[in-house]
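Residue numbering begins at 1 within each chain, and the chains themselves are lettered A, B, C and D in the order written.
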Amino acid sequence: MAEVVRNVLVAALCCSGIVFFLGGTVGLLRCPDLYARLHPSTKCDTLGACSVILALIILSGFSMVVLKLLAVTFFLMLSSAVCGHAIGRSAFKSGVVPWHKPGVEPLPPMEVEEP
Amino acid sequence: MSWALGVAADHPVLLVAVPLLFAALCPIWAMWKRSACFPWAMAGMSVTAFLAWSLIGDVSPRRALTYNLSGWRPPWGIQIRIDYVGLLMVCIITAVGLLIVLYSWRYVEHDLKPERVPYYYTLLLLIMTAMIGFSVTGDLFNMFVMMEIFSITSYALVAISGMKEAVRAAFKYLLMGATSSLTVLLAIAFLYSATGSLNMLDISLQLKSTSYVQVAAVALILFVVGFSVKAALFPVHVWLPDAHSIAPSPVSALLSALVIKMGIIGLFRVFFTVYGPGFAARSGTWNGVIDVVSWLAVASILVGAALAIIQRDFKVMIAYSSIVHIGYILLGLTVLSGNGTVGGLFDILAHAMGKGCFFMVAGIMIYKGNRRQIHELRGVGRTMPVTAWAFTIAALSIVGIPPTAGFMAKFYILWGCIQRGKYHFVVLALIGSLLTAVYCFRVVYYMFFTGARRPDARLDEGPVTMYAPAALLAAGTVFFGIFANLLIPSLTAAARLVLAR
Amino acid sequence: MKRLLVLVALAVIGVTLLYGIGKMPPMDSRASPDKTHVVPRYLGHGEEEAGAKNIITGVILNYRGYDTMGEVSVIFSALCAVIAILDREKKGRSRSGVDASRVRTSLIVTTVVRFSLPVVMLFAVYTMLHGEPSPGGGFQGGAIVGASIILFTIVFGLAVSTKRIPPGARVPMESVNMLGFLSMGFIGLAFGVQFLTYILPGLGVAAAETVRKLMLDVIELGIGIGGGIIFISIVFSMIREDRYELQQDVP
Amino acid sequence: MNWTVNLLLMLFLLATAVVAITLKDLLAAVVVFSAYSLMMAMLWTQLRAPDLALTEAAVGAGVTTVLFIIVVYRTVRREDR
């Protein structure tokens, strides 16, 4: 029974990881501008890779490897999110204008006070 | 004292370790005092030269000096193997290198930014280390490692003045040199897959019985392509004129006298130590490649000489002259006759001294009055007699007129060609010599027989540390021309051994 | 015309290489020379002879340690080449793009880098010293050290990094990799064995083992620290904004 | 299983190599080249050379990418004829 539960969990996590990766890739290809592309591609790393690693942890059972994998997960989440933030911020600061639908009035630029 | 004489024979690795130690400490030493770099490099080169020359009695054509690094026997570990040719190269490298370091002192003070001077000497020591290591190693992969060091350092030394043209020439050199390094690495990989070994002698043993002859043949072709670029053989010589003429003059002397010889030593090792005439029985590639190389050598003689004649720039002319001599040396080595091999090896020595002297003279001309064009050398014979006479004597050697080393070298090369019945090579090589005489004596003519009406009194002899090395090298060509018998019998024995393998 | 020539040359090279590869022993054959000649000794006796569980480390540091000394010198000469052409940065005065930019680096980024830098360093040291029983070694660890400090410099700017690790402190560390090899080699010579031999005579078996382990560790650390610092120095002299322009005219 | 993975990695390696050469935008070429290095690292692990894989990942994908990006930043972004 426990075997079945574990396998189901692993399969589910792997599938969700694949879904996130697929979504991330499609988003990267289909989204109109940098800001929009950042959104799916960071999810790709955090959720996709992390669920696959979680699946691996469940599959391997508890050992020293799990600690390493957990560390990898942690740093993956950290670095991917921070990278997305840094890219978006520097694009915004260097004046990349967000995309807007043709014919629709764009949002006025956000006021950000510079420290 | 006797202990000091024996230490190099006990531990030949010191030939590499000592200059490397000096190179590693040179930037640290320079933090204390920038001007202390020159004596430091000088000390390093002197110790190395002493170690190299103390080996002279220990190596003979029949007896090579071997040393197993880390104590592992050859197929498993790396072996240093100093045979007679290796010892000859090491002695040339240390002697010419010592003179070049001495010559550099005033030249780089004048030519380089002061913060680059320590790195200049570091690079100089590194390139010496690598060339010595390249000449004495018995291991193919170690050869490649050493080749990488002297390649990278020579790119840097060409570009060190920071002028735009220098950087461009160095980049061209880098592109061709990196490709050739890659080719050599590929060749080593091919040979490793065919023989499973990296030691040269072991490979040559394995090649006698290997069932992968075609792989070894492809490796041979790749080796020849790779080392030809380093040696600046005719179709792949295009980097040489730019790099050698734009580099600082001591560097030009170093590159021309020693670094391109490394390509030749590489070819020599591959042709005769690794494959050997014995390989010809197993695959026709060996003879084919040797034939191609000797034709290319003749082509380099003629093309180099023809291009040298039409140059107006002094250093560019000398650079083209190097291509001519690479042709002579390789012609001697590939004619496969004992005398030809002797002539080729002897020409390495003759050309190192002659061409080193040429570039040193060119450097003095640039140091004193920034004269680069040949017609600017009017009247130099009167204002700078030592320099002009050094050039003239070296020119005699480069052209091949007795009693100089160059004559002996060419004599033996042509003798070898005649012995093998290759009279067409003799004729073509003699035409090359004639062209060489034209471009060399044109300069001598300008120096001695045309004069500026009012000789510029400020343009007298350069510093003694600059013209003395040039004069010493010129004297060396005469010395080895007269006392050629110091080397010829041993070289003959070595050549006989090499061709019998 | 030129294009055609290049294409023909490439085709000739490609055909030659493919011919050679086609004649090579097949990859999975157990009887090919590259698996039967030298390798069996490495695999069979490497662990006790070379003193490393990871055979690669044994080959790199012991059987072919002299080659590694050469490779380390290659890196050092690359550094000398870069410094000789681009010159070194000035302590605290050189600026990179971040120093010059008006926009301040995001607080999130700086915080995360501050937090992760020591962890990366720890991993680098682990890689350096753990090269003996597992994959890794000095060079890889050094590259990681270099990468982490380059990350720091990208985020905080060159002025801050050069204050933390000034050129004066880096110069002695750059040649540490060669000095590690040379000093271990000279120790061997002093004991009367060959250069880079790690088993010193005149010691007991256990003591000799310990000394060998120590010497290999010194060399690994030397390769790591030297390699890392060399990476850092190369990057620093490349990213500084106040570099000299190339001289246009012939002096 | 094993050889399919290897084949896919090889194909991807070839594709990245070709793309890295043909791209005119040098920054993009650098990014593709770093992907190439990662593929190479994975291939090394497949060929049971983990030491080499670690080096390739640290140096090929890490340090050289940084160096290349600095060079692109210092010189020109586009390769023009």
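One rule holds for everything that comes next: a residue touches a chain if its C-beta (ideal position, glycine included) is under 8 Å from a C-beta of that chain, and two chains touch if they have at least 3 such contacts.
The structure presented is a predicted model; accordingly, all values stated were derived computationally and were not measured.
Undergrad: Which neighbours do subunit B and subunit C have in common?
TA: Chains that touch both subunit B and subunit C, as defined above, do not exist here.
Undergrad: By C-alpha centroids, what is the most central chain here?
TA: C
Undergrad: Among the chains, which one keeps its Cα centre farthest from the Cα centre of subunit C?
TA: A
Undergrad: With chain centres defined as C-alpha means, what is the inter-centre distance between subunit A and subunit B in Å?
TA: About 58 Å separates the centre of subunit A from that of subunit B.
Undergrad: Take the average of all CA coordinates in subunit B, do the same for subunit D, and state the distance between these two points in whole angstrom.
TA: Result: the chain centres lie 37 Å from each other.
Undergrad: Averaging over Cα atoms per chain, report the distance between subunit C and subunit D in Å.
TA: 19
Undergrad: Using mean CA coordinates as chain centres, what's the subunit A-subunit D distance in Å?
TA: The computed centroid separation for subunit A versus subunit D comes out at 22 Å.
Undergrad: So that we know how the chains sit together, what is the shape of their touch graph: line, ring, star, complete or other?
TA: Drawn as a graph, the chains make a hub with non-touching spokes, so a star.
Undergrad: Tell me, which pairs of chains are in touch?
TA: Every pair of chains in contact is listed here: A-C, B-C, C-D.
Undergrad: Which of the residues in subunit B end up touching subunit C in this complex?
TA: 11, 13, 17, 20-21, 23-25, 27-28, 31, 67-72, 75-78, 111, 113, 115-116, 119-120, 122-123, 126, 129-130, 133, 139, 141-142, 145-146, 148-149, 152-153, 155-157, 159-165, 167, 186, 190, 192-198, 206, 210, 212, 214-215, 217-219, 221-222, 370
Undergrad: Using the touch definition from the top, list the residues of subunit C that touch subunit B in their complex.
TA: Within the complex, subunit C contacts subunit B at residues 16-17, 19-20, 23-25, 32-39, 41-42, 62-67, 69-71, 73-74, 76-78, 80-81, 83-85, 87-88, 168, 171-172, 174-175, 178-179, 182, 185-186, 189, 193-199, 244, 246-251.
Undergrad: Note which residues of subunit A are touching subunit C in the complex, please.
TA: Residues of subunit A touching subunit C: 75, 78-79, 82, 85-86, 89-90, 93, 114-115.
Undergrad: What residues on subunit C touch subunit D, complex-wise?
TA: 54, 56-57, 97, 127, 131, 135-137, 139-140, 143-144, 146-147, 150, 231, 234-235, 238-239
Undergrad: In the complex formed with subunit A, which residues of subunit C make contact?
TA: 103-104, 106, 108-109, 112, 116, 119
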